[in-house]
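Every chain is named by a letter (A, B, C and D) in the order it is written, and numbering of its residues begins at 1.
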């Protein structure tokens, strides 16, 4: 297996030679997150790449690497596009509500807060320690490229086109994504309906933990782990579903998901290597 | 002038003796944020106090101390209820949109992120340095007591009852509130309409600064200042207004507003002492 | 085995009943760090406890739990006093220099910097997040209780009485101790002599890693690990030995050492459970 | 007046044209910290610059800009070399002890801890937020270029050559330098002698504040200010003087000292603009 922990544009050029040798490939960029060329073009436009792909013929055999949604396809595939970190937190937080038709799809808002490691290792003035130690900000309001895969995947779950309002924020911690998800509930539904839907959807998934209202959900609860914690809440006064979705952006949001996918692709125990991840940084 | 930098319940007992002597009073708690007893009772229920007030007869003469909305009343009053920090950021971010009838009032969401000083000076396990250094969390989902004054004030602006979905979060910096506000735009309105409405509403207010889409808004821009920075955005794909509202919770969110109110009450220059606040901590 | 992760005064009362049943005991406090009553009394005076011990007869069978110095005694003992975190960093940084007679014993200075978790879990105004986020300080200058065990252990290594000038500091990170150790070199010795002495002393110790001058030594290198990193330097202009000693105060500085001691006491692999410690917090 | 807030090598080329016009110059680099060419060459060798100076003839008229030591010369000069931040903290902490002949000059150790803003605004992997948030380190052990000016200035105070062992450390806060200074006391001296010497030396200096043993000295006490706080301690067991010297590296350690120098050069109130500095970042 080869992991392409590389920017957009690398895996699409290099994957073929490995696949031809029978090596399985897991790519961390957006290169193989969309299994048809038309969809990929929409993504490419978002990231200001030319709307081309070096290996469009490989796209149909690629699988979106979110095990909780695509486990069976991942098991059969040799080419997995590992999801974006924000996308993992939003998709896992919303999929059951859409599957269960609990919410008005015109009203979905994802307000995401990420630690600084989500921005990668390249130093920049924005993430220089003295500039960031006591600062938080919103950025790319309405324009983050992860929205595209969120809408694509949720659309597949819902069976219809989904649009999401998504705002990313950077806050001064190293690791963690906390996404607060809002949507208008369909009339006459309550928190029990929500909990039932989420528990039914995730069943005995190892890496998704569901909790009810009133639980203090902290990014520290998932730090260094491959878990996604979902806290379910309903604001009865306004009829809003509020889901707090927590992941470690470096684990379930990236390398942990990749290992989980590898385990599935090779028929290994899905949790192998993931219950006690190392501590870095 | 006496500032009651005290918890709920103190000012309502002690204010009278000062007012009787002709001293002006600015109270930091919720004791005088509501100028009629019925409204106060709703608030008291939220904070699990008995639904009583030690001086209900003083309530009608109190004024909600947000200068940008109540300057003239503050100038004439001897008793001001200084606003809650979250409330300042939400109300300033939403008032022009409601005044201008730009948004669907059923769809308002305020997602607020605060530094830890917003929780006060009392040490607790949650805010012990090692527990907080690398942790963020949501809390009191749908149940924060500031919602009540937000809805009250915005209702007065809109001329009708307003309900707000509000989620507070704590992030690991000392100072600053960043509230991301979402609401469905009325059809056929665009970013220009939004900007016009906000500029018209705030005119030459000293302490409100408006910026358009694409501006990187950071809590560092308002740190240690009495300014509220509002970044206006429209997500054209989903028709959502997105306002990023930034204040320093210890200045415009509390002590700075109190000084601004004092200046108004005494006919001083409104900005006196507020353009170069001290640095603490 | 019972671990007493308790304050001074608890283990000395409770250990006996366990020892009588044949259970081995590892105590985290100062109760069993000194194997004779006279020495213990000196320590007790430092921490303002009465100069008494609930089980003075147990002291002679107790062993100071620093495996690199007392492995054989630990293996034979049922009662181990786990060392203080600062003490581990100072003793490991100085023992080879004293054993090799490299330094003037009148000139030893240990300048220690610790993360906040070293102060324990009890919230206090000093360690409240907003007060600590942007603050560092020295404390208990010349008076920290760990000095006593440092001097005791180093005296045993050197074969004569040792006095150490020790200043602890708290800096705003969660974990880690970095102690910068200074001492006047004996004439005619150089960095090679130092390196030889340290490598000879530690031989193939798993948990001590020695590096030479010019290595950037960061607390992050030992974070979450049971390692002690020692960087050896000589200031040729002033003839000073400078050792930078790094540990994670929660691992080699406490729980990791305790597990290492347990492994030795039970004849287990000494590194069992210690090469991939969990991530907390 | 022109402030050269520029790296080494710029002021020495550009200062002359300003001086020729009668403009006063304050340079932040090492270009004018040494008023004779021979001394400058020693410094230049340290920073790996060619041992040349673009304007060696200007050096004799330059003054080292530490007001507490050179106020009268600064007042008469048009060319001031603003001191290095570490140097300010070390020199102010040691000058009275050397003037009063209190310490053995062979034994001076300065262990300095700085916030990250001391490293400047250029982003780098070492100061990238995720790499620094939970990390501290020592660097340039025995080799920091500020040692040269520390030894130069202290030698002038003492009237003989002084050598200092100096170790800088970076800790994860934005601002502040805490230098812990150690030296062997001359026999028969005690804390009272130390306090007398320091109080006599600094007399009514506005920006130096002296405190005795047992005071908790935190970098927060000087944050955003032009003060240097000196905490005086004697370790009676080892006969060591221990001075904790605290400054804000961006104020007394740089821009504040520059303003103080400007005030003196122009005959202004020395504290003008310095008692309420702005808050950045």
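Keep in mind that, in the parts below, a residue touches a chain if its C-beta (ideal position, glycine included) is under 8 Å from a C-beta of that chain, and two chains touch if they have at least 3 such contacts.
Predicted model, so just to flag it, every value in this text is computed and none were measured.
K.L.:
Given that chain B and chain C are copies of one sequence and touch, is their interface built from the same residue numbers on both sides (over half shared) or different ones?
P.N.:
Same, since over half the interface numbering is common to both chains.
K.L.:
Where are there more C-beta contacts: C-D or A-C?
P.N.:
More C-beta contacts join the chains of C-D.
K.L.:
How many angstrom lie between the CA centroids of chain A and chain C, rounded to a whole number?
P.N.:
A distance of 43 Å separates the two centres.
K.L.:
Could you work out how far the Cα centre of chain B sits from that of chain C, in whole Å?
P.N.:
Using C-alpha averages as centres, the distance is 50 Å.
K.L.:
Counting in whole Å, what is the centre-to-centre distance of chain C and chain D, each centre being its mean C-alpha position?
P.N.:
Computed from C-alpha means, the inter-chain centre distance equals 34 Å.
K.L.:
If you look at chain A, which of its residues touch at least two other chains?
P.N.:
Within chain A, the residues that touch at least two other chains are 115, 131, 133-135, 172-175, 220, 223, 281.
K.L.:
State the interface residues of chain B toward chain C in the complex, per the touch definition above.
P.N.:
Interface residues on the chain B side: 115-117, 121-125, 127-135, 172-175, 281.
K.L.:
In their complex, what parts of chain A are in touch with chain B?
P.N.:
Within the complex, chain A touches chain B at residues 106-107, 109, 111, 113, 115, 126, 131, 133-139, 141-142, 163-165, 167, 169, 171-176, 178, 180, 182, 184, 213, 216-220, 223, 231, 233-238, 240, 242, 244.
K.L.:
Would you mind writing out the residues of chain B in touch with chain D in their complex?
P.N.:
133-134, 220, 223-225, 276-279, 281
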